[in-house]
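Multiple structures follow.
In the two assemblies presented below, chain A is common to both, partnered first by chain B and then by chain C.
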Partner chain A sequence: MTTAVSGVGALAAPARRVGKLHREGLAAYLFLSPALLFFCVFLILPFIFAIVLAFSDWGGFDLSTLKWAGFSNFGDVLSFDGTFVKPILVNTLLFAFGSVFLATFGSVLVAYCIDRLSFQGFWRVLYFLPVVATVVAIGNVWKMMYQPAGLINAVLNKLGVNSVGFLSDSSYALPSVTVVHAWASIGGAVLILTAGLKAIPEMYYEAAEVDGANSWHMFWSITLPLLRPALLFVLITQFIGGLQSFALIIVMTGDGGPVNATNVAAFEMYQRAFKFGAWGTASAMAMVLFVIILAITLLQLWIARRRGEETS
Partner chain B sequence: MKRRGKFPWFAYLVVILGGVAMVMPFLDMVMSSFKGPGEYGVIPYKLLPSSFNLDNYREAFSQLELLRLFRNSVIVTVSVTISVLVTSSMAGYALAKLRFRGRAVIFRFILATMMLPPFLLLIPTFLIMLNWPLAGGNDILGRGGDGGLTTSLIALILPFAVSGFGIFLMRQFMVSLPDEMLEAAKIDGANQWQTWRLIVLPQTKPVAITLGLITFIGTWNEYIWTLLISSSDPSLQTLPVGIQLLQSFLDPDRTMPIVMAGLVISTLPVLVVFLLFQKYYVRGVVLSGLK
Partner chain C sequence: MRISKGLRLAVVAGLLASAAACGGSGDSGGGSGSGGKVELTLLSHYSDGPSKDGLDKMIAQWNKDNPKIQVKAQVVKFDDLLTTMTVRQTGGRGADIVSAYGLWGGQLMKANVVAKVPDDIATKIKAEYSPAALGAVTTGDTLLGYPTELNTYVLFYNKKILAAAGITKPPTTWAELADDAKKTVKRDAKGNIQVEGLSLIQDGDNKSVHPFLSLLDSAGGKFLGADGTPQFDNDQGKAALKFEGDLAAAKASNTSISPTKQFRSGGVAMALQAGWWIGSLKTQMKDKYASDVGVTAIPGPTPGSKGSLAYGFFMGVNQRSKHADEAWKFLTWMNEHKASGGDVTETGKWLADQGLIPPRTADQAEYKKSLSDPNLAPIYDAATYAMAEPNQPGAYEAKTGLHNAIMTVLADGKNPDDALAQAAKAVKPQ
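Let's turn to the complex of A and B:
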């Protein structure tokens, strides 16, 4: 690259540039190679495999016995005679909607209140503790508190209420685990909502104060509308989490009992696959749940966008 | 700080009542871990134990084999965290600072990887690990062996070794690093690897702490996959799975107190790490909320 004769120089410069870009591209792909290789093996391949399995009839581990089954797995899974649609999918939706409602309501209230206090960092860490703890700790402690001789029944008895079989009574079991899931997810939502609150300009509140608005008015007409992006993020991520989470349910009830009262779709998929080796049915369940998650997420985005257009 | 209105007594009431609800279960966990035989599960309920001796903790170490579980948890968590940090910063650097064909497509692909829920890939990933070629007695087509990759701790590390979220976080941070710095390194004769290793890496310390912490806590607490892999080989259990599954083998008079002692021990490391670096963690959660 030392001797560029006058006439060639004009051509050599772009050529050298292309060479440099080429080398940069090579370097880039080398830097990316571990990640790309990983995603091929642990994302693309399993994703394709998941789709194939949902449409096939297969038990055991020998791939050569895998047979194409069309939509029959979906037919089995979605038939109303089975347990998957009712109660399992219904439970899944109740669990997700219930915990999202409780956690969102709770976290908006708490985040709004913390924002008005001193020692904000301390409070936020306090609410974040359950997010740091393992699901085994959370599940077992709450299971213990829900027992007839546990803390919660002791408090109820003090108040003159009879003991409740929180996890053993089939009409209380699902609400009981839903509350725990909501309790555990408040902390993360508080953090995100706090960031949203901090982004609202102080002058809006000052102007409202001059106009004589009380804090209730300010909350409804300033805080809540301007909090919408953070709130939407919280809602979407909580829904996605709530619809697929079952670790807490395994820990607290063992088998989704009493009699399927706390069984949810992802757990049923897990059991069908790894207890009974029914890969096809289990994968069809996974697909159904995936489509539901996708639909609910898109629906939320759509509603948020429409609402946004109405007000702006 | 927004100080509107008079003394916010309502806000204090809400936050303190909620705070009690947040802390009470953990308090009950710690107190129960000291309860002796005949003190737990009796009516009337008492929060405080009769004495604070460490019997249950001793039992937890012997009956729950905490040291073995601890060792597995540390190996898995440290390996996953290091792997995620290295691969994320490498891929993040390429996506943020290098020009190459396909960059936009790959970045969009990385974003898409975060949309696939883990439960969907659970069954196929398990089958892939089981039929991994040339591992655990398998032949080149992944047949014939007993267990493939599922019989070693690698099974708990490999499927978590790269994180789409990590790459995204690193890329977003590295985009804001000044190009002049990298140009200067190049003029001084550094190649891409040296630029990444000596110039870029030291600059990414804050975001690396955030990502490391999120990965550390997530891996330490991981439950479903570990439960699945260790169901056929209990020697692979980590702290959460081991404590959950070994419950049925405990002294029945004191099962829950010993379990609580085990849980206190297994929660402490994450709690300490979290409290030390909570500023970084908080920022990471907030950053992830702004994508």
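Let's turn to the complex of A and C:
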């Protein structure tokens, strides 16, 4: 009997533990339910709806007017006769790659310099200020500076150079906006990179110094390799931000002009959906952009992992 | 099974949070209050200045006289109007009465936003409003609502700049217009424009299209056919765009100059602009307005020819409104009752006070009798011959494509024929 009771007790103890774990799991899910519901309502459902819209013809407003369109929206969007592939998608990639290159190069330089200066907090705040300022303010200030009678042209005129239509000439408009986007992004990247620099043990530099390495060697052989995880994070986030960005373009060129020179995918989606009521093509564009972002991000991660690095 | 206190707390918290996340009223537009009182909502872009004051005054008068049908104005900036309508209508919160730009009419109709105008009201509107006003708010054969704002395009010129260049009268043909633009343009040694000869853009959406369509009209051309097919890729369209391209190539016109900012300070000699601009110029230039600003019809390619574009707004009733009858009752009163002590309607007065053309023929005739400003006469005249801006579904997209084509000519020097052919190819009739 004792053996039987103890056997039952031995069986009952794990069962109780399982029951307790089950209850705790249930409680955990219940506590998580507001966040899960939020995630579902504001992320999963809109994403599913966007996929449905990408295969539909819908003018907005009334869901009863939604019609199945098959792949025709993708056909329109990816047609080489249209404007989405060229110039819009090309502009988007140039804008994203250009701003990532400039912002990353600039932020590494700035972070490296700040790491060697006194009053580092002050410098970090200074470079972070554009991140705090609104895009509208930044865009308008730069727009004024780019004007034919603005500060930059005044300087060029003093140097004997004729005025440049930074935002009105289709050859200069995209690079001009890209520079501003990169400038406005540097602050956030500097913050991450300075944290990355602080994490590099000082002993590596001391050992290199003993071996007679100069500053350039130390930067190239110690700083840059050990900064790669932070750099990877900066690259990925900046690139995704660059591909999705359009607020600055609306402020600076208004309509993605001149002649679509600054029109990017996110802005075109907004125009198609909210101006022309073409929600199907807008959603198809969103899907194409989603696939591009996913592919490039996976590529970046794959390259990084081959070198044995993670972002976290 | 016993449920622990913590688990019960979690269940309650989860349910409360879920309920809060899913909460919200499902009202669409106005509602019925106590005692059968109806509250109508009116969404418009009349958000400040005399436009808001005038509309608020009319609504206050109606609300006082009709305690059972109360109207509540909801306003947003024009730039946010279509987006606001889209979001609110999709969310079941569309206003009972919507004020919209005629160009959007086709897509609003296609998406079942605006209700059909009742036959008796439509008959009256068609009989009593000017053809330009009706054209700007009619899609196919379907009238979208009561025409409200009506604007026509004319040639604004700076009398002093023209006189200083030895020009004694405003241009009456394209050749004279081009000559005058080239005579008045001024640039400094660094190439910066001091005075632009002729501005071919206006502020706002698709800024190059309205001036181009005015020139196209003056040459006898059209933008879109009734079925939405492109009509501008022909001799008239090519001539109009070549005219613009030649001026840009001669550097007499430059798209980086904003006429609404620089005309008032003498930075622009001539500009193709809408009539509403008069009100702004009067405010900005004060005493200089009368001495410096002249307005004339947009000349055509041959002597005696002229052209203009008319665009308009309308007020219609939301198809989802639960109080459509009451909404039409209010709109009928708003558009038909006379202003106190006058021969014009209150709405006509409200619009004329803003420098706009009243769309009702009788109001126009009454105002034309006693125009205090001679510059208004060409604007009113244009309402009789202007091309109404097409507004079928797809027109907005076609207009944007045309804008891009025009800009390739004005900003990049592209061949006008190629640009128009590309724009025409991109038009998709719906």
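Basically, the second predicted complex is superposed on the first by the 274 of 312 C-alpha atoms of A that agree within 3 Å, B and C clash if a C-alpha of one lies under 4 Å from a C-alpha of the other, contacts with A are read in each partner's own complex, and residues count from 1 in each chain.
Here, contacts are C-beta pairs under 8 Å (C-beta built on N, C-alpha and C of every residue); 3 or more make two chains touch, one makes a residue touch a chain.
It should be emphasised that the depicted structure is a prediction, and the values quoted were computed from it without experimental measurement.
Participant: Clash or fit: how do chain B and chain C relate after the overlay on chain A?
Facilitator: Once chain A is superposed (C-alpha atoms), there is a clash between chain B and chain C.
Participant: Per the overlay, which chain contacts more chain A residues, chain B or chain C?
Facilitator: The larger set of chain A residues in touch belongs to B.
Participant: For A:291 in the superposed arrangement: first (chain B), second (chain C), both or neither?
Facilitator: A:291 sits against neither chain B nor chain C.
Participant: With the two complexes superposed on chain A, say which partner A:148 touches: chain B (first), chain C (second), both, or neither.
Facilitator: A:148 contacts both chain B and chain C.
Participant: If we overlay the two complexes on their shared chain A, which of chain B and chain C does A:259 touch? Say first, second, both or neither.
Facilitator: Second partner only.
Participant: Which holds for A:41: it touches chain B only (first), chain C only (second), both, or neither?
Facilitator: both
Participant: In the superposed arrangement, does A:301 touch chain B (first), chain C (second), both or neither?
Facilitator: A:301 sits against neither chain B nor chain C.
Participant: By the touch definition at the top of the document, which applies to A:170: first (chain B), second (chain C), both, or neither?
Facilitator: In the superposition, A:170 contacts chain C only.
Participant: Once chain A of both complexes is superposed, is A:209 in touch with chain B (first), chain C (second), both, or neither?
Facilitator: It touches chain B, and chain C stays clear.
Participant: Under the stated touch criterion, which partner chain does A:271 make contact with: chain B (first), chain C (second), both, or neither?
Facilitator: second
Participant: With both complexes superposed on chain A, which partner does A:60 reach: first (chain B), second (chain C), both or neither?
Facilitator: second
Participant: After the overlay on chain A, which stretch of chain C ends up in the same space as chain B: 25-33, 133-141, 151-159 or 385-393?
Facilitator: Clashes occur only in 25-33.
Participant: Taking the two structures together, which residues of chain A meet both chain B and chain C?
Facilitator: 27, 31, 34, 38, 41, 61-63, 148-149, 153, 274
Participant: Provide the residue numbers of chain A that touch chain C in the complex, in ascending order.
Facilitator: 23, 26-27, 30-31, 33-34, 37-38, 41, 59-65, 81-83, 148-149, 153, 157, 162-163, 165, 167-170, 255, 257-260, 271, 274-278
Participant: Any idea which chain C residues touch chain A in the complex?
Facilitator: 4, 6-7, 10-11, 13-14, 17-18, 21-22, 82-83, 86, 89-90, 94, 107-108, 110-113, 190-193, 205-207, 254-256, 393-394, 396-397, 400, 403-404, 407-408, 411-412, 425-426
Participant: Write out the stretch or stretches of chain A touching chain B in their complex.
Facilitator: The contact residues of chain A facing chain B are 21, 24-25, 27-29, 31-32, 34-36, 38-39, 41-43, 45-47, 49-50, 53, 61-63, 106, 109-110, 112-118, 120-121, 123-130, 132-138, 140-142, 144-145, 147-151, 153-154, 183, 186-188, 191-192, 194-195, 202, 205, 209, 215, 218, 230, 233-234, 240, 244, 246-247, 250-251, 266, 269-270, 273-274, 279, 282-283, 286-287, 289-290, 293.
Participant: Okay, in this complex, where on chain B does chain A touch?
Facilitator: Touching chain A from chain B are residues 1-5, 8, 10-12, 14-15, 18-19, 21-26, 28-29, 32, 41-45, 47, 86-88, 90-91, 93-95, 98-101, 103, 106, 109-110, 113, 116-128, 130-131, 143, 158-159, 161-162, 164, 167, 191-193, 196, 217, 220-221, 223-224, 227-228, 231, 239-241, 243-244, 256, 259-260, 263, 266-267, 270-271, 274-275, 278, 282, 285-286, 289-290.
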